[in-house]
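Here it is, the structure, as structure tokens.
We call the chains A, B and C, going by the order they appear; numbering starts again at 1 in every chain.
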Amino acid sequence: MLWKVLLGIWMVIVIIGAFLYAPPAMGLGDLSRIIYFHVPLAWVGVLAYLVSMVNGVRYLREAKLEYDHKAAFNGELGLVFTLFATLTGAVFARHTWGMYWNWDPRQTSVFILLLIYGAYFVLRSAVEDEERRARLSSVYSILAFISVPFLVFIIPRVYGSLHPDPIINTSGQLKMDSKMLQVFLASLAGFTGIYFWIYSMQSRLIKIKEKLKGDDKVV
Amino acid sequence: MGKRFSPWALPVWAIIRKDLLEEFRTRYAVNSLVMFAVTTLVMVSFAVGPFSLDQSLHAAFIWIILFFSAMTGLARSFVKEEENKTAAGLKLSASPEIVYLGKLLFNLLVMLGLTLILIPIYLLLMVPPIGSWWLMLFILFLGNICLAGAVTILAAIVARAGSKNALLPTLSFPILLPVLITAISVTETALGGGTFSQGKWELQFLVSYGVILIAASILLFNYVWYD
Amino acid sequence: MEIEICKLTKVYRGKTVFKDLCFKMAPGKSYVIEGPNGSGKSTLIRIICGLTRATRGQALVRLEGNILRNEMLGKHLGLVSPDFNLYEHLSAQENLVFFAALRRLQVADGYLQALLSRVQLSSNSSKMPVNLFSSGMKQRLKLACAVLHDPQVLLLDEPATNLDVEGKSLVEEIVTEQRKKNGIVIVATNEPEEVAKYGQEVLSLGASCMGHH
């Protein structure tokens, strides 16, 4: 319980810090404050996908449906976070590049990530048998995962992107003021914390559901 | 053959031969594939009319037609085994890797055959300028390997998912988009008379992506194939 | 070669097909699985073949102490089943050659001819595509395909379907021969006369397991 309260306070501090403590970036002005939310959202979106894929692998190895349920809800979670990252990105794009959507390589890659999530859920809904659904969707998420590094890292680099690259830039340096960096990292940690909170909650829910189902079978 | 080759050669070839025989007798894939490709091509040519397109549009058209032809033609490669209840025989008689490789190579043959028919008609109707023939042929070959590599296992997934028809393009698109984007860009270079070194990065990407996709498919096919 | 079915349970879409089956099968014997429709005869055969997964428990096929799985299992199994069709657009001969090649066997022409005439398919009809066959001829070809690689275990799911009197005696002949070769035969059927004819031991799948049909 305590750490949930701490997480709440932490996020409040992050939000206040993002708007009041961190200085605006050169050239972008107050608009730059969106990165304290946009980047962590995108990060969690990719993280959830990674966790989903790892759970898929675990399902294939151990054939426990619990892992498949975890993979599925991580997919849902990732979809929501990626959607918000896309929206905040569009807002940023509107005010710097003039349009909400202009097929910048970064936007293209996040769009494909959304498509992968979409296809994953379409596949899941198409299969009736639980175990077969688990196997097929695990295989699909692994296959689709192969394309993610290409989409997230390689395509934007090769086809020059207008997207600012604060963490992963070619020179390997952080182009951030120390106050900005503090807020940025705090926000990253905060959002990751939120993700793990939802994750643990859902995991417990799944365990309870499986238990109830197991009881059914005995009867 | 057989003795001098790896033990895989004989059964893999048997699957390719079987599919070819079936194909020659039913002409299912060939008919739907060629008709689809030609219809699309004529539509594009009709819509464009007397205007000449620039290279990027030519490149995009070629790959869009190839992509959707792959979707129509290759979708049945596993669905027909499940529908006709012949999959059990394959499962009992050969290892999943062999079945995958056989199907992959057959699908690749189908795609290459289609490309052989399609490209001359495209040249005839649309008259795109081809600057670098070798690069063009190379990228068509490489792109088709990537297409077949990804679509083969996805077609198996679709067949096991109860052969919902619209499922294959939905599943393929995100996985094939990196292939399509790079293949279109290389094709553009080839049409413009570029050299291999100009498309070097893209070609490296396609080779590595194709190799990883096929390797992953071989490892994962087992889980798709057996219940 | 030995088959051990151990606490085998299959639940399909929430319905228990059979529960905690235990059975052992030894070489040189023939077994009949009998039971009413829906009692899981075909499911049991599919599980032994590794084509369907059991919900709980195992069906193990052992060869000299090693447990066989997937394609290694397939190597020693011959299956005739309504769930396993041959390729309709290939001729009888092409089907047999295909399955032999899949199993990495290079069969002589004479062997194939002998096999085809054994299941009473004339050399004329063996060159026709299978979709021109009558259902009885298809069933004969399935039998030929099952014994093609001389398997140690023969699984026959309703083998006499669509067969005439001669065909039925052919099945009987195959069963007896397999037994003599010290192989295992498992026949699934619900015809009382077949149960007596093929089975030295009978495994009854209870009507209690039946769903609400």
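The criterion applied here is as follows: a residue touches a chain if its C-beta (ideal position, glycine included) is under 8 Å from a C-beta of that chain, and two chains touch if they have at least 3 such contacts.
For clarity, every value in this text was computed on a predicted model and none was experimentally measured.
A centroid comparison over C-alpha atoms places C as the chain most distant from subunit B. With centres computed from CA atoms alone, B is the chain lying nearest the middle of all the protein shown.
Between the Cα centres of subunit B and subunit C there is a gap of 37 Å. Inter-chain centre distance (subunit A to subunit C, centres taken as mean C-alpha positions): 50 Å.
Note: centroid distance subunit A to subunit B, computed from Cα atoms, is 32 Å. For subunit C, residues touching at least two other chains, in rising order: 53. Shared interface positions of subunit A, defined as residues touching 2 or more other chains, are 131.
Shared contact sites, meaning residues of subunit B that touch two or more other chains, fall at 227.
If you check the complex, the residues on subunit C that touch subunit B are 49-53, 70-71, 73-74, 77, 79, 81-90, 94, 97-99, 101-104, 106, 129, 145.
Residue ranges on subunit A touching subunit B, taken from their complex, read 60, 108, 112, 115-116, 118-119, 122-123, 126-128, 131-132, 135-136, 138-140, 142-144, 146-147, 150-151, 154-155, 158.
By the touch criterion given at the top, residues 150, 153-154, 157, 160-162, 164, 167, 170-171, 173-175, 177-178, 181, 201, 205, 209, 212-213, 216-217, 220, 223-224, 227 of subunit B touch subunit A in their complex.
Of all the residues in subunit B, the ones that touch subunit C in their complex are 2, 7, 10-11, 13-15, 17-18, 21-22, 25-26, 84-86, 88-96, 98, 226-227.
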